[in-house]
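Beneath this line is the structure, given in structure tokens, with notes to follow.
A, B and C are the chain letters, set down in written order, and residue numbers restart from 1 in every chain.
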Amino acid sequence: MLTLIYLIAITAEAMSGALSAGRRNMDIFGVAVIAFVTALGGGTVRDVILGHFPIGWTQHPEYVGLVVFAGLLTMLLAPQMHKLRRVFLLLDAMGLVAFSLIGCDVALRMGYALPVVVMAGMITGICGGVLRDVLCNQVPVVFQRELYAMVSLVVCCLFLGLRALEVNQALNTVLSFAVGLTLRMLAIWRCWRLPTFSYQQRWD
Amino acid sequence: MLTLIYLIAITAEAMSGALSAGRRNMDIFGVAVIAFVTALGGGTVRDVILGHFPIGWTQHPEYVGLVVFAGLLTMLLAPQMHKLRRVFLLLDAMGLVAFSLIGCDVALRMGYALPVVVMAGMITGICGGVLRDVLCNQVPVVFQRELYAMVSLVVCCLFLGLRALEVNQALNTVLSFAVGLTLRMLAIWRCWRLPTFSYQQRWD
Amino acid sequence: MLTLIYLIAITAEAMSGALSAGRRNMDIFGVAVIAFVTALGGGTVRDVILGHFPIGWTQHPEYVGLVVFAGLLTMLLAPQMHKLRRVFLLLDAMGLVAFSLIGCDVALRMGYALPVVVMAGMITGICGGVLRDVLCNQVPVVFQRELYAMVSLVVCCLFLGLRALEVNQALNTVLSFAVGLTLRMLAIWRCWRLPTFSYQQRWD
């Protein structure tokens, strides 16, 4: 089940990467790279930081094929993408939540302390988008826009909280997933944002 | 002793990260991430490059808490920060020197060759600031401003030189620290810079 | 033989890094860092992703010396560099092809699946240039310009194809190298490009 959601998630992330590449007028190779990095970069950073080798996608080259294909397909679908806006945001939200839960799971299996588990979940959830934005030469949107990374944090904490209460793992996953997805969709719908910090003084 | 200086150092680095995030109008989550990356990113890159797993902060989640707290606190202190300019630059310089010495120490324990030890020191000292600037979408200041990375190089070489002369480790650390701190403060005070390289021809 | 080409390659890459640093008016330290990252960053990223520790250059500190020296020398040669344009592009193309073959070789020895081997070759070939451009705060040129990364892909696939046909390794290397170099020089000469993807709609 989580695998299916994971496949949907990396596809949605790959498409978001391809659109970002298109905004920079990249060639089809650039589109494929950005799609790959957006979809699988978060898990790669997590695995490197946790010392979890071999890295996930090296054992599943078919995932690489999927995200590259999704990225290239996006070039054809692009003129219609804005009509699919809502579907796309839903898939992207599912991706964020699924990535967060998978990241927690990997770190838990490796025996890391709970704060590190939460960070592993968040790294998996948001680093793909951060790498996408760095490669497209812009300030990462996850640090500026409506609740995104915070959803990842909430999902990870909820999952660990229910786990500490010895809730059944499958039920826990479903609950965390549902809460995270709802929170993200509400955040988009109501434009919930975190307060921002603006500091323009120059002195160093 | 070096641990205390290390804690001061990561706090100062976290605050510098938070101010950079503020210049990009990030939300509080972005502030926390940039603070974390600036403070602990250098050590993370060093550990990954040296293959030194598990990575430092995963074994000390309290450091993550400290730097996130310092980053968020900076949002409150920001209006007064320019008054604290000198204290802040001093703390930042202490951080640079402490990071460099700690980086050398990690690489030495792992048995790397001396040039790699020097690079490990410099990576620890400057990569946090480089990552901060990349995430804030600007050219890293350490490559352009008054002596900063060069201080790290001098500290690492001095430390290894005194070590080769079999100077007592504690004395060596104190001496290297003092020289590095003095050099950095002089560089700020006298605006010492390295020569720059300007190349504007376009041909490729 | 491949070692000699490798040394030429990292020298050429270091020089390209130094010129990029010069376009950003970096100081000599920044020039040295960008030269290092451009020349050895691709191999570093490959080694980290494959979990191939210790990382190549940590076992050959003399390579670090070479690329830093090449970077600094470029500052002196810069006024004449445009006269050397053709030589430089040839060296850079040799670097791209050599890096790709070396990357494949490392992944093959580690027993990775063939798609991962191809990716290891491409990562080695192009990541140095990507890191250079990210640190110089621009969109990576390899995602936008005439056939570059595609050359790396062709070289890796050809190499693996001939290997599957049990062609002698030395002959295979020479053939793959020749085809890759020819393809890259033709691409520069005839301005071959991949189609680009342009997407300017804003909706998320």
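Structural remarks
As a working rule, a residue touches a chain if its C-beta (ideal position, glycine included) is under 8 Å from a C-beta of that chain, and two chains touch if they have at least 3 such contacts.
Note that the structure is predicted; figures quoted are calculated from it, not measured.
Put simply, chain B has to spin 120° for its C-alpha atoms to lie on chain C, with the angle rounded to a multiple of 5. Shared residue numbers account for under half of those found at the interface formed by chain A and chain B, and the copies are therefore classed as meeting with different residues.
Between chain A and chain B, the centres computed from C-alpha atoms are 29 Å apart.
Along chain B, residues 48, 134, 137 each make contact with two or more other chains.
Of all residues in chain A, those touching chain C in their complex are 16, 18-19, 21-31, 33-34, 44, 48, 53-55, 58-59, 61, 64-65, 75, 78, 81-82, 85, 88-89, 134-137. Within the complex formed with chain A, the residues of chain C that make contact are 48-51, 112-116, 119, 130, 134, 137-140, 142-145, 149-150, 153, 193-201, 203-204.
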